[in-house]
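The following blocks contain the structures, represented as structure tokens.
Next come two complexes built around subunit A: one with subunit B, the other with subunit C.
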Partner chain A sequence: MTMNIGGSVEKKDHAQKMSGKALYVGDYPLEGVLYGKLLHSSKARARIAEIRLPEIPEGYFVVDKNDVPGDNNVNIVKDDTPVFARETVEYIGDPILMVVGPDEAETERLLKAIEVVYEELPAVLNVRDFDTVFFEYDFGKGDIEKAFAEADKVYTEQFETGYQEQAYLETQGMIGEPQPDKMTVHGSMQCPYYVKGAVVRAMGSSPEGVQIKQDTTGGGFGGKEAFPSILACQVAVAAKKAGKPVRVIFDRREDMEFTSKRHPSLCTYKVAVKDGKITAMDIDVIFNGGAYTTLSAVVLQRGIICSSGVYKVDNLRVKGRAVKTNLVPSGAYRGFGAPQTFFAVEMIMDHIAFDLGLDPMQFKLDNAVKQGDATSTSGIYHFPVPLPEMVEKIDAASGYREKRLEYAIAQTGRYRRGVGSSMFFHGAGFTGSGERDHIKAVSKLHKYPDGSVEILVSNSDIGQGLKTTFSKIVAHELNLPYEKIIIENPDTDRVPDSGPTVASRSLMTVGELLRRAAIKLRESWVDGEDQIVEERFKEPDFLIPFYIDKFQGDAYPTYAWGVNVIEVEVDTLTGVSKILGAWGCFDVGTPVDLNVVLGQMEGGYLQGIGYASIEQMAADEKGRIRNNSFSDYIIPTSMDVPKLEVIMHVEKYPDGPYGAKGAGELPLVGAPGAYIGAMEQALRKPINKAPFSMDDTMKVLQGVKL
Partner chain B sequence: MVEYYQPTSLQEALKIRSENKVTPYAGGTDLMIEADENLCYLFLNKVCEMRGIYEDAEYIRIGAACTYEKILQSELVPQILKDAVSQIAAPAIRNLGTMGGNIGNGSAKADSALVCFALDAKLQLSSVSGSRLVDIDKFYLGRKKLDMAENELITEILIPKADFGRYSYFKVGARNALAISRVSFAGVLSLKDGRISNIACAFGAVADTVLRFKDLEKMFLGKTLAEASAIKQDFVSAYSQSIVPIRGRVSMEYRKAVCMNLLNEFLSQSDI
Partner chain C sequence: MNSIDFVLNGKEVKFTGNPAARLLDVLRDDFRLTGVKCGCKEGECGACSVIIDGLLVNSCMVAMGSINGSTITTIEGYCETARYAVLDKAFASVSAVQCGYCIPGMVLAAECVLAKTPHPTEDEIRVGISGNLCRCTGYNAIVNAISIAAKEGNGLW
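And then the complex of A and B:
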């Protein structure tokens, strides 16, 4: 038991992946497997008047809504996402039907020969023109009218953020395999039991009639939280009709154009300041949900809960809406609604500090919450808030304070510098009472007579290292060699439902269940016997119950904290900004494997920098996303942020394994605020949107109003 | 399975080219993105005559199938071309990509082609019936339109042996590696007896072909730097009128602004 839990080991799936033995969905033998290709709507909104099919040869099938044996609604949060399009299509990409057949080229030929007669309907393509509100929430506290009336100054601004594509290395892919007594679906996914729930419903089957297996998955970042449920239903329906296995693997263009991405946002902030302190915020958040609701409700919930940032705001009013547009449904992406609102709140704090002649980092720190303070939803920050210590650490590493002063002096010459900062948190785990009321996670350990122990959970290793960290925890508690721990890709016929792989919950919540299960097993260990122990989720006692109808109580048991500093140099001739340095101080509690955590922090931070700077994606006037390849959708390379420094701070969480908290999403959340803050200092102009491109920079340099 | 030929001599390559409908493949870093199994490819990477870099009395001669990496290592290649080549894509692509491929692809965004415009390079085009030299700016007829016959291959790029004097190369890409140019600029200026004997300003990635305005350059030819400085405003406004960018991944306005900024910067650096 003396092993340091943070010490790094060879990743559990290292050998399999390095040797090429790991099977991704695209690696399965093709013999006897039919190719499935989806016909996507080419109109943003239309009634399907007629579908003219070519002659379909024997052995080929056309699969549509009429073939769905159960319910043509995909089980996500609500019931509006169809397995196959209904009478109307609601966005460019809406899946109308699938052509299935043994020869790929012929399947493709048939698909192209299909003629769809559309009767076009008016479409909403700009979020500002919305007429349908999917979800609307309001909450608040204190006396906001009084605070605004008594304020020294009131600031009102609007902020906008764009799409962000997950850009996982492996595109979406799924295989449906009909068995005599059930339907098996396997593929690339984060949440096998979400997929199972959806397929059971679409197939009108019993839970026993559906088996879901995760294949080795090449990245998810949230993009494989809900979308795989849709694709799994489609392949299951097709496989059922064809009576043979059917595989659909998206090409990159299809994946980029037609699968979910981060919600674009429009946030309006009205902030009251009195005696140099923030006294009230009135916040209006609009998320562009796209054509169907998918995960918008929960993304919006997290977004608005985070909308007052790390600040103590006694008088608060928050209104959040997820609205419908005829664009690809938005969905989960690392940070889950929080990067949008954290960007907005960090920018308005920067702008207020600038107006008051204060250093933004100090101003933010002076207004930040402390242990025992109330959260936005009148819960409590139960544990220490380490922001002051983290600020000192990051200042020492980055030289922020000195640079901020230096760059404030008028700059001349071709290159201008700026340095920006942000403070943020990630509410660790599911929002509100989701764990207790909906997920009810169960984890199991199976000890075999030879003394090896298998971990049975439904969480998936999507590259973030769960197989490694889970195994370390169990090995640690059982005092077993790491090699004696077995963990396979989850198969719903073998593993209990320990919940989805989302919300940075797996390690903190399921890892803790495994730790407790391991203790239980240790205490009942009998050599040579086959033993199974089970552990179920229990909500920590200290929590103030959360009521989603009122947005009141502890939305999260604890928080992972972050402070970012980014330094840029803008070329005034080209508008190109170069990142001179990016520093991130992150507190995710105890790192269970430091290498894994550093990888998460560096990767997530870089993703956040991409989001703020070069990752541009927009729908055109017809509602089509044109940035559908890696030459049109630019993500950062290692050459773009050569100096990226991660500093860990550890504030242990007593209910996480060894003090660990949620880690995966945190590093993305604060990057836009720090990057844009730096750009503002270099350009000496307030900026209210992200991403901020070289084109935008050039407009500022030329004095064009954005 | 894709059909292909892989000749090892130029004679063989030209014969195949004349007798078959083939797509010349010199590195393939553009072609493989849109690989088409219905095409027949003519792989040129093993054609010895197209892989060398050497000089004769008048030119530095770069084989069209010579990789970027080899160009970077050559002592004969002028620095401005190396500056451009070193910013193309990433090492893996520079190990495969070639100037022949870059030019033959016909894009105005081809970074090595831009430098060829600024240096008055010529292309050697060969076929079974002989060879001809074409000025680089005559080779590009329009967007993806080239002065190249069905039976011809680009075999060599000829760069005049000259003192290019002061030069400037600047590429604006979407990021620091693996980036297609959004605007690029190459300028050279040399003096003889205190007078401007050669000037070239070429703009890439802003229109259907690389832009170079020889008529405007004449304003400066034969002038001293002081004389050139005196008419700098006229020179710059003439460019401002002539450069009409097209909209692409960045706006027309952005392209225009950057072209003018880079031109001004080049002139300032040249003491004009």
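And then the complex of A and C:
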């Protein structure tokens, strides 16, 4: 039989998850496993003068930096995130030590009995007060001074975005299990080989001395890209010291306060307009990196590359900085820097259109790039840019143009409506030459004598359906029933390094490797024999090489595109706003399994709407994250956006499997622009921040300055 | 005399531990029913939902002392039923399960929606599952799945 690539099948992991039988890290038997509890810093910045321990009973252990057999640096991008705190703590939550023991209550009692004597140091708690720049990049093109000098009008505005917490339903968790000849760590994670690299380094071990296994993972959204490397090092060190398995499962408050979240941003845009066209942009981007660098360099790179949006800007200057604050380290979250800058560029485009008396969607379309145009980094949009067709589709579904005109007429009465729009892309895969220079992905297929075929890759199914889509690709090429394809959670002792599960790369890049591997296997297939085939990453030959030092070339091989329309109704008495409809037209190339793709689009879009509206998180004057529970950090329920409609558009990418492009992140990126655009129309006020909550609405209604 | 007696997934069971213990912890740790998920321990997320005497309840908010004489169903018991089979097929048909962590609770929420209203409107479904957070799906597929189950399971509820 031939697999219907576009259609849908029962997901590979459906039955296990549906019936509650799937084992997440917290579900393993507890017998013989010690509980580990972390002592987190209670100060934003301090020198640790002394740690006073209570009497530690037999069988209990205190684990800290002195127990790290290898290097007390977590292998992320740079060497500054410690496994356990060094002489100083740099944010509230910095892990100082771990108490480990057989009884959970006793372990907690010991933890609470520990006294840390801090010598407090001055802390930077507001991003505007930064004194340390972690990363700084600038690039540009054209003649920006000339363009501004010749402009009809110049617009300058600043935009601010807040934290966003991934809020995966399963908190972070990891178990370290010492074996006679190696350390095994398993748990909730996106990137087993990132975790392996980190544990090898912290343990001072050989690669063979560390085995990492992904357990069924209850959501990631970027939050389980880098953070699990830190926790894995900690449990490995503790398990080694105790000589027994150690498990750490975060509770929700610990997870929300102390694990990485989306970078808050401050973006300043200066835009030149001549004859109704954008002629120049001068952009300054600041991301709040928090206390350690973690992934800020790469998040910032994507953020600034996307900062001119979908627009043709011949004269461009971009400066980006990720700065240090004494707050929880920011990190990866679906969209990876792009939602912040896309929000800013979409808002300034809205504001310019308003000032010029033009419809924002038409104004945006008139300034949008086309196939063959240059990207922000002087690469090329090699493939068709389907925005005009997508705008027609979304207008037909949402009635945008008619509503926009209708709501522009002065509204009276208690309930006021507005409709907003956004256009955006997701640069598919790793930024720049990451795939070629760093990842060098390898995938394998193992055919067994009984004719079943096992997929061996390090990419993890965290809910996005990779087990299903990978299996479909291999089944399709081998003409095998879907049931004959085996795919387990990755175990670094069994699978090659096909790279991390990030950047919307897995299906597009690794899926294509698997497609080619399957063709290879088909061509060499011998019945009844055990066969293994391997396939390695090759860079598409059309690419203009990317140089990160100059920010020049093709930052991405291709782009997934999106257009959003959101319609709101604001109750001007109570400040409550209702989303009447959210429409998203998305082009992720050929959908490999339509249900899976729709699930990504709908789920990602709702996360984006949450980011724009209700998901508010902030630190207090001491640097403590206050919104540390689902009572204080509100994520959308089934009742918040009852009408959320996804419309697919297909512009195939020849180097992705069957024309597929990256899908996972795209649907989140455009939501803030469309939502805030709608709120602006309803409230008749420009808005320069996201999230824009009910409190903010009330302030606007009561004339309070935001 | 000194035990809390209740019916768990169709079997009479006794609990002799601390009556102040959380039902969630007892189900997971003592009875090893790990389909009951812990998402927040604050009654906000619904991942630990179980059915107690016909009502959907967050098991993290229930002390053992309060369940004497009750009948409790978790996903482990529910997945043996004909109604589960219908929901299973419906959820599979629209790929409503992503990371899966909210799903055991969500399935029991679906059961409670359908037990109360065998042919619910979309609004009734959305209200019925609104105490169960899902971060992956955006809820559309789950709502569709419950609608499909209501049609396909005609007569079961």
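One rule holds for everything that comes next: the second predicted complex is superposed on the first by the 703 of 706 C-alpha atoms of A that agree within 3 Å, B and C clash if a C-alpha of one lies under 4 Å from a C-alpha of the other, contacts with A are read in each partner's own complex, and residues count from 1 in each chain.
Note that a residue touches a chain if its C-beta (ideal position, glycine included) is under 8 Å from a C-beta of that chain, and two chains touch if they have at least 3 such contacts.
Remember, it's a predicted structure, so these values are computed and weren't measured experimentally.
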Taking subunit A as the common reference for superposition, should the pair subunit B and subunit C be classed as clashing or as fitting? clash
Between subunit B (first) and subunit C (second), which, if any, makes contact with A:Gly575: first, second, both or neither? first
Quick check on the superposed pair: does A:Met698 touch subunit B, subunit C, both, or neither? Answer first, second, both or neither. first
Touched partner set for A:Pro228, first subunit B, second subunit C, both or neither: neither
When the two structures are overlaid on chain A, which partner does A:Arg252 contact: first (subunit B), second (subunit C), both, or neither? second
For A:Asp13, is the partner it touches subunit B (first), subunit C (second), both, or none of the two (neither)? second
Can A:Gly36 be said to touch subunit B (first), subunit C (second), both, or neither? neither
Of the partners subunit B and subunit C, which touch A:Gly429 in the superposed model: first, second, both, neither? neither
Looking at the overlay, what does A:Gly420 touch: subunit B (first), subunit C (second), both, or neither? neither
Which partner chains sit in contact with A:Glu602 here, subunit B, subunit C, both or neither? Use first/second/both/neither. second
Could you figure out whether subunit B or subunit C reaches more residues of subunit A? C
Quick check on my understanding: which residues of subunit A belong to both its subunit B contact set and its subunit C contact set? 631, 637-639
Residue ranges of subunit B touching subunit A (in the complex, touch as defined): 90, 170, 172, 174-180, 182-183, 249-251, 253-254, 257-258, 261-262, 265
What does subunit A use to touch subunit B in their complex? 414, 572-576, 578, 614, 631-632, 634, 636-640, 693-695, 698-699, 702
Sort out for me which residues of subunit A touch subunit C in the complex. 8, 10-11, 13-24, 26-27, 29-30, 166-171, 216-221, 251-252, 462-465, 468, 593, 595-596, 598-599, 602-607, 629-631, 635, 637-639, 641-642, 644
Show me the residue ranges of subunit C that touch subunit A in the complex, using the header's touch definition. 28-29, 32, 34-42, 44-45, 47, 74-76, 79, 88, 91-104, 107, 122-123, 125-127, 129-143
